[in-house]
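Worksheet: the structure to be examined is printed underneath.
Chain lettering (A, B and C) follows the sequence in which the chains are written, and residue indices restart at 1 in each chain.
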């Protein structure tokens, strides 16, 4: 034994690079600045015009505020319902006794996704005339936003290392405890990515609520097109885009905050 | 079965079969695992050794048969409560990536309802035990550890609730050879202190021989071909399967099981005292045909070799090379001889006093005796 | 009047709208590929440009379709213009991201051995990297096509062509049985196109991917 390898020292082990908080927040700071600048530019542009009667009907504070709150309210309510349905469903579909249903259900959901959102909401509206417009809108948006959350919940739970689960079981954790303390925390990043996607999709589909008269900022765009007022159309479009980008931005921050430490 | 030592495991006619598979994965296995020993389950892949291990903590539920822990039937006990009493560590470590090292080790103590202080003290104790400084490593995440450190934490976590029994599935399998050897030695040191009952799964016969107080050699479907001490298995393989699994080199492997403390060393080598006169030295040299005399000091500790031809002169000695102690094995004695290619090697006792001198010839006699003592009739040519 | 009678009555209209819809999507997809693929080749090896381009494409995709169509009316007017440009913008992210990912996933050892044999940078790109990244690139096209088929329905709201017109006609006739028929025709034709496009891209992938990769 002439060769004696150098002993490995623990000091040689790379430590996980501490993330510079400045960099992390810098990444998040850009989007609100961009959106803020766009909204300010829009405000200055609109203020520089003398508004006619039709334009004033859409472009007044009271009307816009009510549409924004409509829009946000519908989005949040729909997303809450999506989470309530999709996450438990995703959990169920990854339990051993139901696992075989996961693939067929995802296939069906994928096909459902091919149905255009406009088609779905109009179909519901013309088929169920007795339902209120808000119910129709929520059902349509719900159907549309469930897939990303369901898919990511399943994928997130499936990607948890089997050996981690096995050793948790081996130490005597109950199935419920393994789900709550091991599987779900480790699936959080993937599930949150799905929630973020669903939120953005929902902000977008809620803009189509105007076609069935359920309100939201889509009304402003619609008014602009129908009255051929570019100022109104532009305002509505910029505000919907800004809302989507800000919701995406906020969801991104929540994603970073809720990600368990130690994962990356 | 009332006065059984804690940590005793008995498997009785354990069978595990899966639907749609013809042969059961484990077929009517009966096995007694004595308390405080390391029992190694070894065999080729697919032989059922891992399945057998998982049957013990019922990660795999047996189709039929009984499991006794401390003489008590635990086959129907709540499996979660059972597992909290049995340490479990696996090759992939299975550390929780989202929890710190301390939280990982505290998993079982917390489930057992230990107080915060007791748990924290236990975590530090275990980190020290596996050679990791608690202040440095307590708050790290598994990702921030090397592979060897992760294995150590895995072992510490398995010891968390101070279980009487530990199940270890190739715990050092994913480590490079150098670090594996260090971890094995460290683990043997820990076990000498803790005296747990350990069921250890590996596919590596060398690791089995090194770690095991007893070895169970599995062939297939959880069939145990031989269950005995490493010495017995190496010297008396029960059948063809066992001898081919041990493979070539069994005789050499066996040498590493015999310590010099346990064998007779010829002590008829001519010696002289360090303070003896030149005349006494000459007389001693004349009375032997050896080329060198061994010089001992007043406490009978070897000092050096005295060339017989110069016995009457100034008594200058040649230095000793590679004296062998009682802890050394026959394997190391042979290795030393081949390395230094000198004829005689001094063997000392625990205090460093002269016990005898081994030569290639006498070593071969010892090896032969060792083999036949173990009952093997093998011709030494 | 049953659905089949109705369908046989307005079949030419459905057929034309379906063809228009497919052409609209192919136009958007084509422009996005023509711009996106060269762009991906330019940026896949440099960190900052890659982050900037993918970030901007990500913003495009985040903007809701109705808002993006609306934004484009101001400079481009109603009809075909804003529809094609909007679809192009939506297609950028899946196309560019998949191309970048595909090119970056090529085994460095393969590229290195190509360079070791004396291949030029351009030759390596054309005969090694792009062929190896091709399945991932085609998947990007496939995803983009599915996305655009659905979004293209909104084009009708800005007087663009396509199957969205049948859906909006259905909405106008709400309260009559024709409303449901028209909406179903529009939606079903889009789903049919989605299935058709998916099959076409699967075939394209099969025919154009080196057999060494599909095994």
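We take it that contacts are C-beta pairs under 8 Å (C-beta built on N, C-alpha and C of every residue); 3 or more make two chains touch, one makes a residue touch a chain.
Remember, predicted model here, so these are calculated numbers, not experimental data.
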More C-beta contacts across A-B or across A-C?
A-C
Which chain is most central here if centres come from C-alpha coordinates alone?
A
In angstrom, rounded to a whole number, how far apart do the mean CA points of subunit B and subunit C lie?
64
Inter-centroid spacing, subunit B versus subunit A (mean Cα positions, whole Å)
56
Go ahead and note the Å separation of the Cα centroids belonging to subunit A and subunit C.
22
In the complex, the residues of subunit B that touch subunit A are 57, 59, 79-86, 88-90, 92-100, 107-108, 111, 141-146, 148-149, 154, 157-158, 160, 167, 178-179
Complex contacts: residues of subunit A adjacent to subunit B
5, 7-8, 10, 12-13, 15-16, 161, 163-174, 177, 182, 185-186, 260-264
Spell out the part of subunit C that touches subunit A in their complex, as residue ranges.
59, 62-71, 73-74, 78, 146, 149-154, 156-158, 164, 167-168, 170-171, 173-175, 179-180, 183-184, 186-187, 190-191, 194-195
Along subunit A, where are the residues that touch subunit C in the complex?
111, 113-120, 122-123, 125-127, 129, 200, 203-205, 207-208, 211-212, 218, 221, 224-225, 230, 233-234, 236-241, 244-245, 248
